[in-house]
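I'd like to ask you about the structure that follows.
Chains here go by letter, A, B, C and D, matching the order in which they are written, and residues are numbered from 1 within each.
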Amino acid sequence: MKIGLIGTGWIGEEHVKRLSGTVSGAEVAAVSDIDPERAEAVAGAAGARVVDSAEKLIEDAEVEAVVVTSWGPAHAEQVLACIAAGKPVFCEKPLTTEAADGLRILEAEQAHGKRLVQVGFMRRYDAGYRQMKAVLDAGGIGAPLMAHCVHRNPDSPESYHSDKPMVDTAVHEVDALRWLLGEEFATAQVVVPRSTSNRYPHLVDPQILLLETASGARVDVEVFVNCRYGYDIQCEIVGETGTVRLPDPAAPVVRSGGRASFAVVQDFPSRFADAFDVELQEWVDSLHTGEPAGPSAWDGYAATVVTNAAVKARRTGAVVPVDLPERPAFYR
Amino acid sequence: MKIGLIGTGWIGEEHVKRLSGTVSGAEVAAVSDIDPERAEAVAGAAGARVVDSAEKLIEDAEVEAVVVTSWGPAHAEQVLACIAAGKPVFCEKPLTTEAADGLRILEAEQAHGKRLVQVGFMRRYDAGYRQMKAVLDAGGIGAPLMAHCVHRNPDSPESYHSDKPMVDTAVHEVDALRWLLGEEFATAQVVVPRSTSNRYPHLVDPQILLLETASGARVDVEVFVNCRYGYDIQCEIVGETGTVRLPDPAAPVVRSGGRASFAVVQDFPSRFADAFDVELQEWVDSLHTGEPAGPSAWDGYAATVVTNAAVKARRTGAVVPVDLPERPAFYR
Amino acid sequence: MKIGLIGTGWIGEEHVKRLSGTVSGAEVAAVSDIDPERAEAVAGAAGARVVDSAEKLIEDAEVEAVVVTSWGPAHAEQVLACIAAGKPVFCEKPLTTEAADGLRILEAEQAHGKRLVQVGFMRRYDAGYRQMKAVLDAGGIGAPLMAHCVHRNPDSPESYHSDKPMVDTAVHEVDALRWLLGEEFATAQVVVPRSTSNRYPHLVDPQILLLETASGARVDVEVFVNCRYGYDIQCEIVGETGTVRLPDPAAPVVRSGGRASFAVVQDFPSRFADAFDVELQEWVDSLHTGEPAGPSAWDGYAATVVTNAAVKARRTGAVVPVDLPERPAFYR
Amino acid sequence: MKIGLIGTGWIGEEHVKRLSGTVSGAEVAAVSDIDPERAEAVAGAAGARVVDSAEKLIEDAEVEAVVVTSWGPAHAEQVLACIAAGKPVFCEKPLTTEAADGLRILEAEQAHGKRLVQVGFMRRYDAGYRQMKAVLDAGGIGAPLMAHCVHRNPDSPESYHSDKPMVDTAVHEVDALRWLLGEEFATAQVVVPRSTSNRYPHLVDPQILLLETASGARVDVEVFVNCRYGYDIQCEIVGETGTVRLPDPAAPVVRSGGRASFAVVQDFPSRFADAFDVELQEWVDSLHTGEPAGPSAWDGYAATVVTNAAVKARRTGAVVPVDLPERPAFYR
């Protein structure tokens, strides 16, 4: 399967490497980037051509499917162009930065009549999350009532501003919990602790997102992007008869110098390396056999609506309703 | 040291057993209870006399120190009587059910001029909590920003109504976190998930208490008293450079039938058995050597003010301020 | 890279699936098996041709590299034929069942002048083992003195006889520990506990292998192939200043019914699925870029010499020397 | 209960503190030591008299029960004197250094007609070991086949010579496993790894003890007394259907600086503090109510026979039989 990739930044380069070096049944035929040198460098290593715009790449006759890893604001038009071209598209999160753009994608895809879009919520491919979902689906903890989540990064760049903890970071928990709990969120609130001294002064960090689902289950998500000690993802779901907790990644325990310890991973590419592998392999497999089975345009849209509500909640201090239209039958 | 104990209910009987059978340097000289038969049964096993009222027990010439394990509403008058008699008194939590009664105790004790009152917040004597505090005090995680707490019971009796998750249950976290963080709480909010189906219909369960300290640190406490699977206390404190988590009680791991597992304790007397031992031993030791070093009347009062605010917060849905007067120098 | 595979039994079929469906840069061109129907079935799913003998497959012009997954006694001649044909060969363990055959392979490969053979010791590709090795190599526990290993299977088939715990099972620990400790074994002893009642009567199970390295480090390996509860691999290495322990595979912890538990994997394909993926990907990558970097014919030979000594040790009750010639410079 | 204690060295002083400050129902009436100044210091803190010889202490009219914490070679005569005086005696391990002396104690106690002797194997009072025994006794892992034990100290003094790893250190595992498995040992072998460089040159360290029980179960015990990183006791018992493992002591997990870690205890008094408390409390309780229920003179004798066989095994390299007479009915 010949893939074209738009946006050869960090995550784009990772996906090119995966598609050309790890994933079976795919090769990267063409890449494009607003920075042609960057595009050349990434293309060269994978034996791909450089195409000089996203539009041309999407229309390129050799390109059978597209991966969108450009910056967020560009996603909407590129995904819409893929739909217009009738080509499957894997779009990194967020699907769109504006909810209204997400609606346009939903409409275009429904008009096309068949799913073409998959959104890059890689946690659904993580072995730990999948095992948690299996426990939930088997009734292993009864009906879920609460979830406690933690999303910590060791540090954040200066460009990372106070909306991003919701829009860029908590968005992963928003999607993962929608998927795990099997329902939509209804309200959002953000609680703001005293900020850490280890941050750029413009940033409000940490933030705690409080979500309520349609049925009244409650989810809290601590987002702390300057925790210093590592990249740490935790999730405990509490049901009527039990709980299930996402495991730490397996790591050898060393006993030395009076302590027993294991290494905490330091970044999300290490933490979710296997999940990215599985995600792209399953996506490529789906190209051969039918529609994508992964997170849909609806999932991407719903996550954006929730994180936008969260941003408003932090700014206002209020409990903000999540204004989500009814889910179209097409996406059920 | 000859102890008199008022209230030979469940916790009273436990304390009689500890004081007469495990704690060094103490014996139970006298007990009283509103149910004389119950008092006789407990007294007999410990070789103690039965005295026919709390008042007489407090005035009893042989009684050198008093343990109050009567029901909550009776605490205030009994503790005040002990102070009036100049006798040290260990009072089970809550010190008082009404904050106003707590103020009367604070005034009486200050008028007496020397600490006489200790409140039964046993978690301060738990090895795990003490080790957490040592980590915090040594700067092991930097300045604390957040704490995530869980307090679960397998089930609750019919008499347990919807204020109790705050007043009787979360009160332990309120005290433990005041102690761990070294500051008072400023506001309380309660978030209410969909209730479990495994409860008496009159009970709102679970409830999530959200607290803010004077400096802006945030504490959340899940209280879930019908979780079915066990008695489970969790606490993670998040600081500017790291985190520290209360350990599960040590238990052998059994591998059998496809799973590796350990037993979860089923009740608080098992979970905090060692803490109760240490608490009473240290209290008895303090009787020999000077003033009690444990949780003070102020600690008991402050916890009541916070949990009363939490009750109001749940009933109103609002963020409720914790109206605490300035801490008297006497209690610093 | 076009691969030919000999032997479409269970592990052969797994490797065909990996090479055609998960590994990047490879396809299975041809397979052979002594059972033609079995070969057809496996070939069909992968779009490969069936060749009617191992010899023809090795000589097949389209086949660029060979995977040997036939039964053990056939390995030697097939690997020798690959060397004669100058084709890279990945041979499942054991490289040979007889040590003398291993010597013939070593000689043939040296005569060929370049490494062609890789042996399927997949544990060297397991993330946990690799992290342990990184700790060791970084001096994290000082010079190693001891290793304690456990290799448990839930059950064993009737054909599994009393030499197999050493030859088929402990052989993995023999290779892994040679690799981790970086030296050869010098002696072997086998201690035989009372056998479990859950076994075929002809089988001695469990068995404990005691190994001594050239420098005097000691390794013990419990092999218990009817432990009933799961497939469980444990390994703790003890150095002069610390220890390092192989982690259990990450799995969610469920709290329910009074216990906190996680699932123990039930078979080695699940336990080492990721290791198999990495092993074959790295092997295929090496075909493109040069000599195989994985376990060599020497490693395969040395492991066989050790496990043969272990068999003799169990039968005689004696401490048996491991008669290994000096390692040829070619294999250093 | 008025206790006399012989030998106010380190462990003697600990027991005086426990008996006078933590244990209920006991006080230390008298102590003796070959160093009178040392005896004075310890006695003073506990309000006890100093008696100027072990003999006089045993005969002292006020002394109702005796604790023997003198050095090992003195135990036999002191315990025999207690039996002659008809006084209960708690003797620290080893009961005797020579097996023949143990036989004399067994005979004297049987002649006395009632148990008077308890030996200080405190692990039987450790909560973790007790829970393991409960699992075993409930059939939770089926019939035991193997046990893997580890006994590590951070360092050892110069006086600690090469017999001591068996006689002073592994003796705890010998008793604990006799108790857990419910049978005697039949043979002993010692495997000697390359010694650590972190030791006094005269010491062989580590050593691995291999034991076989009467029924053929196998126990291995790594003894490593200069492991540097901490005091670490591990024990896994493997049964026909499962395994059970002694837990690490509960300790908070700190995440900081890229690692998640907990403190390893550094010495046995910390590791077994609770076990010592329970041991002495239960012993004192038994003085009030009847015969001691703890480890008997037979247990002390059997452990000495096993560790003496282990010493011989290390010196000779042979598998040495454990020559234990039949257990007298008196001790069943």
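Just so it is clear, contacts are C-beta pairs under 8 Å (C-beta built on N, C-alpha and C of every residue); 3 or more make two chains touch, one makes a residue touch a chain.
All figures in this text were calculated on a predicted structure; none of them were measured in a lab.
Ranking every chain by how far its Cα centroid lies from the centroid of chain B, the top place goes to C. Set side by side, A-C and A-D show the greater C-beta contact count at A-C.
Counting every residue number used by either copy at the chain B-chain C contact, over half are found in both chains.
Chain centres here are Cα means. That of chain A falls 37 Å from that of chain C. Averaged C-alpha coordinates put the centre of chain A at 57 Å from the centre of chain D. Residue positions 228-229, 241-243, 248, 255-257, 262-263 of chain A each touch two or more of the other chains. Arrangement of the chains shown, judged by which pairs touch: all-to-all, with no pair of chains left without contact. On chain B, the positions that touch chain A within their shared complex are 142-143, 145-146, 148, 150, 191-198, 206, 208, 210, 212, 215-218, 220, 222, 224, 227-229, 238, 240-243. Put simply, chain D touches chain B in their complex at residues 20-26, 127-128, 131-132, 135, 140-141, 241-257, 262-263, 274, 281, 285. Chain contact summary for the complex, chain D toward chain A: residues 228-230, 232, 248, 255-264, 266.
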